[in-house]
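In what follows, subunit A forms one complex with subunit B and a second complex with subunit C.
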Partner chain A sequence: MDLDDDPGPTNAKVDIVSQELAEETPFQQLLRHWMNERHAPDILHAQEGLLGRLLDHIKKQTDDVQLLRADPDTSEDEHFRIMLVQTEIERVKFIIRSYVRTRLHKIEKYARYIVATPEMHERLTQAELDHARHYATLTETHFTRAVLQGLPDEQRSLDDQVPFLPPMLSQPDKTRAVFAHALVSCPPVHLPDGSVMEMTRGQISLTPYHVVEQLLMRGEVELV
Partner chain B sequence: MSGTARQFCELATQLVTESRRSTATDTLLKYNDVLVRQIVREQRQLEALIQGAMERLVPEDGDGDGDDDGGLELQVTPDVILYQTAILRNKRCLLAYHQHRLERLKDLYWSVGGALPLLLAAPTADAAGAPGAPAGGDVRARLSPHEVDFLRAYNDALLEFRAGVLETEELDLFAPIARPPRDLHVLVRVVRDCGVIQTEVGAIDFRRGQRFLVRRADVEHLIVQGYLEEV
Partner chain C sequence: MALPPSLRTSVIPAELELIASEQLVEIIPSVAMERTAFISGAYGPLRPPAKCKVPIWMATNLKLKKKCHIVPPDWLNLETLQGRLLLETTRPEFSEMPFRFAEIAKVLLDIASDDFQEPDKIRSLLKDIREARQAKSREGLSKLDHSELSLPNLSSMEINEIRPFFVRSMGVLTQLVKDPEARQMEQ
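Here is the complex of A and B:
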């Protein structure tokens, strides 16, 4: 990675990498979003379009594979290649599934916070938002039936604001440490102690999540 | 509190200890209805105590609202604060216990691939005889009726979500996500009869004890639910 002593190759590398960034295949994009989502404590923006394109692509490939398999003229060699394609499809599906499930897990964990915070709504797809609302109602109903309805009226609230007690609405912990890998040279960011950090391209830093949150949203860093 | 020399919140601590034990042993313990009821009763007693204390505090303030001590801040005596703290603590413990159980139930639900009937099925000799089968059966006996309702509603919510987010039939949301697939095909041993299943190579009648080499995607859900076992 470290080519500082030789300016020639470094420049060449810059071009290649920036090209790579521009021409990231949908699957590479998905991988990046999947890793970000897995590492970030907060819920990131939904990638509905990307997911839709990939699912369409999978469907098309599956159909093609079916067609080729049914064709008696397909040679032995091609059958082998078909198998590779099928395996690849299964693996892409695995990533998509894991990605969707990761989001689902976070959405359920912070369902009541999401419902109460309008800024979170735009990050979710309609289906995810519906599920968050649904799930929040579900847990509230359960708590009410199992516990709260037995208590005196004064104790039935589900969001007591008591000094010195943690809030009853669990929120994403943005101070959690993450490893951020800079994809481009990033503008300086402020660290919690007031100092300024500037990440050069390729640098990997361990920082609290909120420090790199904006960089992540703009796609300038990825979490690794 | 009468008669027994029990401290406030002692029962709640027991309840939370139970949650900790459940995590430590990775098991779902039976819903402790008795303890929950006892704590709820303690809450009512505490509320009565606090009401009494508030009335003594400000005899002219008829309603004596325990929560509303904003305007009465200066007159609040330590006993009120003590009761209030106990109430809040008890309530948090109760909710934490229930929340913890919900999380465990969801884990269980996902671990059988969302097969709710399997999870809630009554214990059968068949399930007990198969070592590979998930510990369904007796799960139901450990749940409170509300928890069964919750699981049903959760199942419905997820099915709705799946219909909304993945229009295609291509993706099985409930398949395992622990390990990426390595091979297209998998050699399985049948642990429990599961009838005729449509696969890529036609219908196969899975009978206990037989082995098949089949496409993973076709039988994934059966492996998760414990009907088949990877060899």
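Here is the complex of A and C:
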């Protein structure tokens, strides 16, 4: 496991985690991040390095396949292997696509919140951030042109803070429950009812997202 | 190009099947193949009739072309499943099953039922186990509160099945707990 992808603090705990996850291949890491991203209400840290490595690997496999295909001496058995390699390439591509599209969905949904919140910026790749900015501008312009410019000044704003009403700026609902699976024995976390939970390795719990958010960022739990 | 709306709330069984298909299964190949590097690792060499471990997706592919027999995993047979069913029906807790047993059993039984002894009995056992476990997860709903519910030995497919309802229920409970607090603050 590459420590570049691990945003957590470098203490002894993280070392244990990376050791235990050492056997995870890049593709298995992608599967884990894909599921995390699919289940988490919030946008997680981008896995640019991991995606880059996998895309390089896909390219290499594709090039090898092309080479073998072009070679007239390739035997029937070889064609069979080529077919298997291609099948796998398609599987990996599918998951990369689904992963990126999951992020894209959240980015578009929370575009205005992302632009307004600097902490979110570092979680996104440059391309994703550019897209969020562009998308936010686009929707704001559209709202203004379609409706808002016809309203009185005081009703034009898109981020009013009205007491007892949900904020106009839609943001990820961190109280939504997720199923967390502990990959290692985790440090204690506080539950909303005031008690403390210490997840043991292999434990599966249904709990609000904010409870396990830090554990997830450090890769100590995965969402299932 | 964002994720299609039908996939936004939860993952679908086909996707879980795709993940489970990365797991290894033993096959008896009938074709030879050199050791080959794949993205998920190197597999082979296939030397009939020696057994070899390959990912389930590859075994499926070979099986459909009638180029291998699949060796069922050690938990996927009548004896073990009967034992599990007995545990499921006599004990209150979930018995230990592989995390992705439902997906793996489905894929293997769908494409390689001829490699199993009495596949129909296995299917009906799996169905009984599933129903016994389903009843337990419904009971688990009564223990749900706004903060945490531990679900030992629940499998991936079962989690996916209860997800929409449990997640919403917890959301409602959170609201109920939050509202009295907010009201107190008001006063």
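Criterion: the second predicted complex is superposed on the first by the 204 of 224 C-alpha atoms of A that agree within 3 Å, B and C clash if a C-alpha of one lies under 4 Å from a C-alpha of the other, contacts with A are read in each partner's own complex, and residues count from 1 in each chain.
The working rule: a contact is a pair of C-beta atoms (placed from the backbone, for glycine too) under 8 Å apart; a residue touches a chain by one contact, two chains touch by 3 or more.
Just so we're clear, the structure is a prediction, and the values are computed from it rather than from any experiment.
**Student:** Of the partners subunit B and subunit C, which touch A:211 in the superposed model: first, second, both, neither?
**Tutor:** Only subunit C is touched by A:211; subunit B is not.
**Student:** Just subunit B (first), just subunit C (second), both, or neither: which does A:188 touch?
**Tutor:** A:188: touches no partner chain.
**Student:** Contact-wise, after the overlay, does A:98 reach subunit B, subunit C, both or neither (first, second, both, neither)?
**Tutor:** both
**Student:** Contacts for A:28 in the overlay, against subunit B (first) and subunit C (second): which applies, first, second, both or neither?
**Tutor:** Touch partner of A:28: subunit C, not subunit B.
**Student:** According to the stated criteria, A:58 is in contact with first (subunit B), second (subunit C), both, or neither; which is it?
**Tutor:** Both partners, subunit B and subunit C.
**Student:** For A:131, using the defined touch cut-off, is the partner it touches subunit B, subunit C, both, or neither? Pick first, second, both or neither.
**Tutor:** In the superposition, A:131 touches subunit B alone.
**Student:** Using the superposition on chain A described above, determine whether A:87 touches subunit B (first), subunit C (second), both, or neither.
**Tutor:** After superposing on A, A:87 lies in contact with both subunit B and subunit C.
**Student:** In the overlay, answer first, second, both or neither for which of subunit B and subunit C A:167 touches.
**Tutor:** Neither partner.
**Student:** Residue overlap on subunit A between the subunit B contact set and the subunit C contact set?
**Tutor:** Touching subunit B and subunit C on subunit A: residues 58, 83, 87, 91, 94-95, 98, 101, 104, 108.
**Student:** Considering only the defined contacts, which subunit A positions touch subunit B in the complex?
**Tutor:** Those residues of subunit A that touch subunit B are 55, 58-59, 62, 83, 86-87, 90-91, 93-98, 100-101, 104, 108, 125-128, 130-131, 134-135, 138-139, 141-143, 145-147, 150-152, 154-155, 160, 162, 165, 168.
**Student:** Contact residues on subunit B for subunit A in the complex?
**Tutor:** 36-37, 40, 43-44, 47, 65-67, 87-88, 91-92, 94-95, 98-99, 102, 106, 144, 146-147, 149-150, 153-154, 157-158, 160-161, 164-168, 170-173, 175, 177, 180-181, 183-184, 216-217
**Student:** Over in the complex, which subunit C residues touch subunit A? Could you list them?
**Tutor:** Listed in rising order, the residues of subunit C that touch subunit A are 1-3, 7-8, 11, 15, 18-19, 22, 31-34, 36, 38-41, 57-58, 61, 144-152, 154, 156, 159, 163, 166-167, 170-171, 174, 177.
**Student:** Looking at the complex, which residues from subunit A come into contact with subunit C?
**Tutor:** The contact residues of subunit A facing subunit C are 25-28, 31, 35, 38-39, 54, 57-58, 61, 77, 80-81, 83-85, 87-89, 91-92, 94-95, 98, 101-102, 104-105, 108, 175-179, 191-193, 195, 197, 203-208, 211, 224.
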